[in-house]
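Could you have a look at this structure, given as structure tokens, before my questions?
When the chains are written out, they are named A, B, C, D, E and F in that same order, and each has its own residue count from 1.
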Amino acid sequence: MFYHAKELQFNARVSAPDPRFARILLEQFGGQNGELKAAMQYFTQAFTLKQPFPDKYDLLMDIATEEFSHLEIVGATIQMLLKGVNGELKIASEQDEINTLLDGKTSKEGYIHEAMVNPHFYAVSGGGPALTDSNGIPWTAAYVNANGDPTVDLRSNMAAESRAKLTYEYLLKYTDDPYVRETLRFLMTREVAHYQMFEAALATIQPNFPPGVLQTDPKYSNTYFNMSGGPTVRGPWNEGVSTQLGEEWQYIENPQQVVVETEGLTKVEPTGTERTESSVKKADKALGKLRSEEIKSALPKGATQWSEY
Amino acid sequence: MFYHAKELQFNARVSAPDPRFARILLEQFGGQNGELKAAMQYFTQAFTLKQPFPDKYDLLMDIATEEFSHLEIVGATIQMLLKGVNGELKIASEQDEINTLLDGKTSKEGYIHEAMVNPHFYAVSGGGPALTDSNGIPWTAAYVNANGDPTVDLRSNMAAESRAKLTYEYLLKYTDDPYVRETLRFLMTREVAHYQMFEAALATIQPNFPPGVLQTDPKYSNTYFNMSGGPTVRGPWNEGVSTQLGEEWQYIENPQQVVVETEGLTKVEPTGTERTESSVKKADKALGKLRSEEIKSALPKGATQWSEY
Amino acid sequence: MFYHAKELQFNARVSAPDPRFARILLEQFGGQNGELKAAMQYFTQAFTLKQPFPDKYDLLMDIATEEFSHLEIVGATIQMLLKGVNGELKIASEQDEINTLLDGKTSKEGYIHEAMVNPHFYAVSGGGPALTDSNGIPWTAAYVNANGDPTVDLRSNMAAESRAKLTYEYLLKYTDDPYVRETLRFLMTREVAHYQMFEAALATIQPNFPPGVLQTDPKYSNTYFNMSGGPTVRGPWNEGVSTQLGEEWQYIENPQQVVVETEGLTKVEPTGTERTESSVKKADKALGKLRSEEIKSALPKGATQWSEY
Amino acid sequence: MFYHAKELQFNARVSAPDPRFARILLEQFGGQNGELKAAMQYFTQAFTLKQPFPDKYDLLMDIATEEFSHLEIVGATIQMLLKGVNGELKIASEQDEINTLLDGKTSKEGYIHEAMVNPHFYAVSGGGPALTDSNGIPWTAAYVNANGDPTVDLRSNMAAESRAKLTYEYLLKYTDDPYVRETLRFLMTREVAHYQMFEAALATIQPNFPPGVLQTDPKYSNTYFNMSGGPTVRGPWNEGVSTQLGEEWQYIENPQQVVVETEGLTKVEPTGTERTESSVKKADKALGKLRSEEIKSALPKGATQWSEY
Amino acid sequence: MFYHAKELQFNARVSAPDPRFARILLEQFGGQNGELKAAMQYFTQAFTLKQPFPDKYDLLMDIATEEFSHLEIVGATIQMLLKGVNGELKIASEQDEINTLLDGKTSKEGYIHEAMVNPHFYAVSGGGPALTDSNGIPWTAAYVNANGDPTVDLRSNMAAESRAKLTYEYLLKYTDDPYVRETLRFLMTREVAHYQMFEAALATIQPNFPPGVLQTDPKYSNTYFNMSGGPTVRGPWNEGVSTQLGEEWQYIENPQQVVVETEGLTKVEPTGTERTESSVKKADKALGKLRSEEIKSALPKGATQWSEY
Amino acid sequence: MFYHAKELQFNARVSAPDPRFARILLEQFGGQNGELKAAMQYFTQAFTLKQPFPDKYDLLMDIATEEFSHLEIVGATIQMLLKGVNGELKIASEQDEINTLLDGKTSKEGYIHEAMVNPHFYAVSGGGPALTDSNGIPWTAAYVNANGDPTVDLRSNMAAESRAKLTYEYLLKYTDDPYVRETLRFLMTREVAHYQMFEAALATIQPNFPPGVLQTDPKYSNTYFNMSGGPTVRGPWNEGVSTQLGEEWQYIENPQQVVVETEGLTKVEPTGTERTESSVKKADKALGKLRSEEIKSALPKGATQWSEY
């Protein structure tokens, strides 16, 4: 159950209207990496993870709720950046009665020029925020990643926080308003804080790699295919050992030739790894059993009730 | 600022898993007339209406927050209807290790058959709710109507509540689970309660018709064009007087002929109305002035701050 | 069956090209509240409502057809506002052969600057209207509401007309062209006329509240949850009686506490209403029977034929 | 201006309800290659092509209007295929009052099973057509191609008609209902008729190849790049002369090598063609002048009016 | 299997940054008629057409791969047109440290003004291409046409190439950069080359009209309905014989009257054609048999393997 | 520049047709976490990262090209799983000529039942893959994350690979076909290999945390807001030190109270961290300078050329 307090989590202020920055700031209201995306992603993930991870559920709901509160901060800032537009739109009676505009300009031409910045503000939302990105694309749940496994979902969240942080970093280039910058910096900082919370939560689940349950096929797990020609580039991603499984990278200089020679890789044998088909099967079985029983033992038999009162 | 309590607003329970109903119920989670749409619509409208209507702002935030809480109820119910799926998906190690399924079935064939109901539950969300409608269409902000005028927004909301109510009514046909029906009835009832709240709020704004500020052109405001032939149908929508403006309907039996005769309606004169071009201009000017001053007087000069602390 | 006459319903004219206003006007061509949305909404609703409401069917088809005719007017106006662009695009042979442009400017720079207004006009549609909104978002049927019940559909339509009216009101701010303003005023007026037609049609269906068939649960139908804190706001939406059912509003000052105390509202009893569980069941049964029989008796047995010839 | 007659263009009939076929038939109502797409494509193209091609404008509006009429036929057929659903949904009062269903089945289980075919019919549209394809994807204007040049638009239309024809052909596999098959065959036939109309219209514009105005670069116009290895395949698309320009195909066996040798093709010289850089320039200039003057001479100076009355 | 070489197929170069043209050029990166659409359309079609048309499969994969290579050229050009933006975004530390901008401007105002051209470049993609069109609409597979029949797919491709060619033609109006123009001309030329390849391939399949397998109904195949009034326009599309079937056009001056008289066209008899119901049935049967056997004989019995090694 | 070899990277085979699994497998063809998403994400990122990270560019193009090759494997598998459908669709002539179906069933009813699995296969794609997910949603570039910074993009990629891996894990539950399982396991394994490549590449960039350039505000970087009530949950995400910055978590038990007391957090002072406003400014300046010069020094002055030949 949600509650709302009239006070914003952060004291958002605006020195002067700025429809141009309002447009760019939409990225964080209804954009791909914005606050609504974050809020809905964690909120949606939380349902499945509640059992058997009630502690992670609490974490996700804490952050989801904070993101809703950030969405509100962003919306309020956009509204303040558009101050005057809504009032101006009410004087619709006579074509010559254009009042002094947002920034002191008085000409109708100036007004229309501003409308071009984002017609939606002037012809649809009536001078308020819209659930779109900076190009006017309506927010879509296609942005949300929720896949029912904490070793995956928490990684999705770390990436999502990274993108949100970078977006705030980019946004800071486009405003000099000290109040607005203060707000953006607060919001940017919180993304980095959340990143570390998700990382800490991931570490409490062991094993957490590979993500999910199944182990990988040792025949193909440490092969690097050189699919893009030109000067050969070697680095820790295709020489030495892999970061998590510690297998030796096998560099395939000429993939097409190898594919033909191995009948579409079906004749390949594991190399540079200690894992075997049989060790993998065993691990799959053990982890699958563990994970499914964690969940099943946490769920009630018979009828289900969500909350305790 | 939002808060979250672990207790659902309503004590949602489920007697037994039912992936088919879970699919249909998605309509109210991520569908066109679902709870997210309602929550985001009122939340988005609230920013612009806060000034000069702080009382309407409070109303909108009360209901928006309740709708978020309903979204949570719907998501929790879907999660409970899918009980078992997430756990089953963890036993991914061996193809023959299919456990007893949700409803006691044990065959793999039964499991795959169920996956066809909505593959997203089984291959993407991992047995949890997804922000889609019952056909899997991701929620989009294209569903949201927020236009910066309470005489319009409140009407959008009354219509939205009507659709949401009807959807719950339809959904009740597809489940016998008494717990689920209890929850659906609670949610359905709230839509009707909200409808009446919005209606009451609209009535406190006078005048509220026509929606917005501008009056209509008396030449065209009471004309009925018979654009679809066949037997002539007359009713209170094309005879007698109009519901709000009280003008006499002018029935145009043969629109094409009239259009040609009046040079594309430019030669028409007002009939059946007392309003004139001049009375309209006067009203436009007066109401525009009133409405814009309400807003402007409510907004601070200089820097703007959203909340008081 | 549709027919088309070459004459527009209204004598749309344009004084001079204006690509900027053409862009904004797209809202009414391919936008969320535009003419295509209106036309397709009423057209789609009409199929289901034809039986048992042939008179409403006639009304819906009259207005749907008029909206198609308005869509044509808007498209023609956009085309005229873009006069010259299509011809200019044909002189593609030499980069230096830039003709005198739309508004007398001759520099290539001016031309490119204009292209920035909406690149789609210059690089895709070739100087004609596109089925998008003012931000270039393609029209989507997600805008359309058609739910198979006249007490809902007619309310959706009244809200849709309100938004369309407001959009024209906003648009009038962005053009001084007297011809274009004349056209916009005609179109705006028609939305208000349609609103009243739908309202009159709704009144002929009794009862029409709550929308649909089912009555609401008297335990929850008159409760107001104070979900958003801050200064308590009281108004006719949370004190006195509700607008349609005439029940006394029950104001819940502290929802979280009440929810916990009532075990998720399951222990609540009806207050401030004369309706009871039993009266509701009776009403549900009676109205359900009435409504389903209206429809069934209107449908033929056996094979179905749509039209009479 | 559009008109509507109550009689369908074709006498659509249905022998018995069939929700499964109703779902598939949605492809032609709100699908990618359906009737709405066709209608909107020709309607949108018509605005730009009206000048200087009033005869093509007439053709496009004739066919667009016929496609709207076909859309109506498809919608009416879907409605008849869903006969009974809307009526059933009104009996919402009691969970046990399930009436005899569409096809004589009476069990609730059967009803729910049918709802799985397309939940939208049962939970959203209330037993009527929806503007979606057979998977429930809302119609989008992204399907529409209108590019402001008849040599392109008419080709887009021939392709569109081909796809629509094939879709009807596929649909005929899924119904035995002789009435429905009759309707589908009529609609399928009309697509082929329209194809030939567009083809004839294209032939009246000369030259019409390459589409648009600009000639192509003789250095690259007859080269065939063998980008996909394996057995070399030769055919009239890479040997002999090209279909329209009559240039000799130059087959590049090993594109990567040639690209490197020619510094990214910049050192290539025209081969197998009589066209030269200079002949191309001349043609570009002449055709550009012709095409732009056709348009400009057809447009009025000063204010523009769309229709004559 | 795909490979990549570091060398672009064409030596794309850019004289100087130009974010405005970068925006317009997005049409060919992530737009409706751009290179990704082409690549994905041919790639997707190829799967179904591989059997029984391995030669067409080779053609489609050759062109699909070339289109991917063109996508890369377009992306590289956009990247070069945005030179400097990515670097500038890294100096995020201090609001006053604005470096010399792309085009030598140094003011922050100039920078923000440029960001308005397409905020996505400045706030999301970080100065690189995005998979959107020039209005920021994300690329969608709704643009792709792949229908499992070469007589349809090849026609779709000819139309697609026509639109892509025209788009390049339009784009050439917006840049003076000789390097960029050179690249655009190369790309434009290739579309016309591809068009002729598809046309040649279509001609090798006989019969290829009507597209697909089924013949049309002779009762409706040569009728022209005059659905749009005004001055009667006659042309080769409604008089004389049809382009492919050679049937005499039957012009219906007054469709509504004919529809009523023929009971919704059900009483019509074939006129102006030699085809009969019986000749059609025979042709349908023969061609259906031929086409299905072509496919079936090409497919292996039992297990299927895609490639030979 | 891309090339294509006819041999698949992996020897994909199918034992028997299975349209149901074909539908689910669409997730990896045109789904949110599928191969096209991966390919396009890395391909799009590569443009911006090429300078100053040519080694990362090589890595991204290697993997992007492999993902295109995987997309081909998935498409080929879907095509083989649908074996027979395309051939069957060609026998469209007579309603009673239904051939033996995919799985030996011969009844038309069985055929229609199968069409319900995914009508798109039967009525649109003609028995081939479609660029949609398992619910028929067209692929959209809204799935792609490319933000112009390797510390962000590489993290997005690690998360993307995690989701793709999990999806293959889920898919393995729905097929017993040993050939198909072999292919899926290969593809699943490669996602984990790619994950480790991206992780290794990220480690070569130092510092890489926080993602991007700007440091965070020490006042808010280690605060944990307890936004979701109920039993207090403590864990390494809100006690001890943060994972990357090593700051001590400050747990805010009652956020609303603190927000009010600190005037919307503006009166907060840094606690539990050694970072200061001044150390942050210095770090921002230094890193911003470093990062921007890396890029600027790698870009040529004057005209830009993408490839060397």
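The rule is simple: contacts are C-beta pairs under 8 Å (C-beta built on N, C-alpha and C of every residue); 3 or more make two chains touch, one makes a residue touch a chain.
Quick caveat: nothing in here was measured; it's all calculated off a predicted structure.
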Where chain E and chain F overlap in contact partners, by chain label: A, D
Length of the shortest touching-chain route, chain A through to chain F: 1
Between D-F and B-C, the pair joined by more C-beta contacts: B-C
Same or different residue numbers at the chain B/chain D copy interface, by half rule: different
Rounded Å distance, chain C centre to chain E centre (Cα mean): 33
Chain C and chain F: spacing of chain centres that average the CA atoms, whole Å: 37
Mean-CA-position distance for chain B and chain A (Å): 27
Whole-Å gap separating chain D and chain E, where each centre is the average of the chain's CA atoms: 12
Multi-chain contact sites of chain D, meaning residues that touch two or more partners: 1-9, 11-12, 32-33, 61-62, 64-65, 69, 88-89, 92, 124, 126, 132, 135-138, 140, 142, 147, 149, 166-167, 169, 172, 212-214, 227-228, 230-231, 255-256, 259-260, 263-264, 307, 309
Listing of all chain pairs that touch each other, if any do: A-B, A-C, A-E, A-F, B-C, B-D, B-F, C-D, C-E, D-E, D-F, E-F
Residues of chain A defined as touching chain E within the complex: 20-21, 23-24, 27, 31-33, 117, 133-137, 166-167, 169-174, 176, 181, 227-231, 255-256, 259-260, 262-264
Residue ranges of chain D touching chain C (in the complex, touch as defined): 1-9, 11-16, 30, 36, 40, 43-45, 47-48, 50, 61-62, 64-65, 68-69, 72, 75-80, 83-84, 86-94, 97, 99, 124-132, 138-142, 144, 146-149, 179, 212-214, 281, 284-285, 287-289, 291-292, 295-296, 299, 302-309
Parts of chain A lying in touch with chain F, wherever the complex brings them together: 5, 7-12, 32-33, 54-55, 58-59, 61-66, 69, 137, 140, 142-143, 145, 147, 149, 151-152, 155-156, 158-160, 162-163, 165-167, 169, 172, 182, 185-186, 188-190, 192-193, 195-201, 203-204, 210-214, 216-217, 219-228, 230-231, 233, 235-238, 242-245, 255-256, 259-260, 263-266
Parts of chain F lying in touch with chain D, wherever the complex brings them together: 1-7, 88-89, 92, 95, 108, 111-112, 115-116, 118-120, 122-124, 126, 132, 135-138, 307, 309
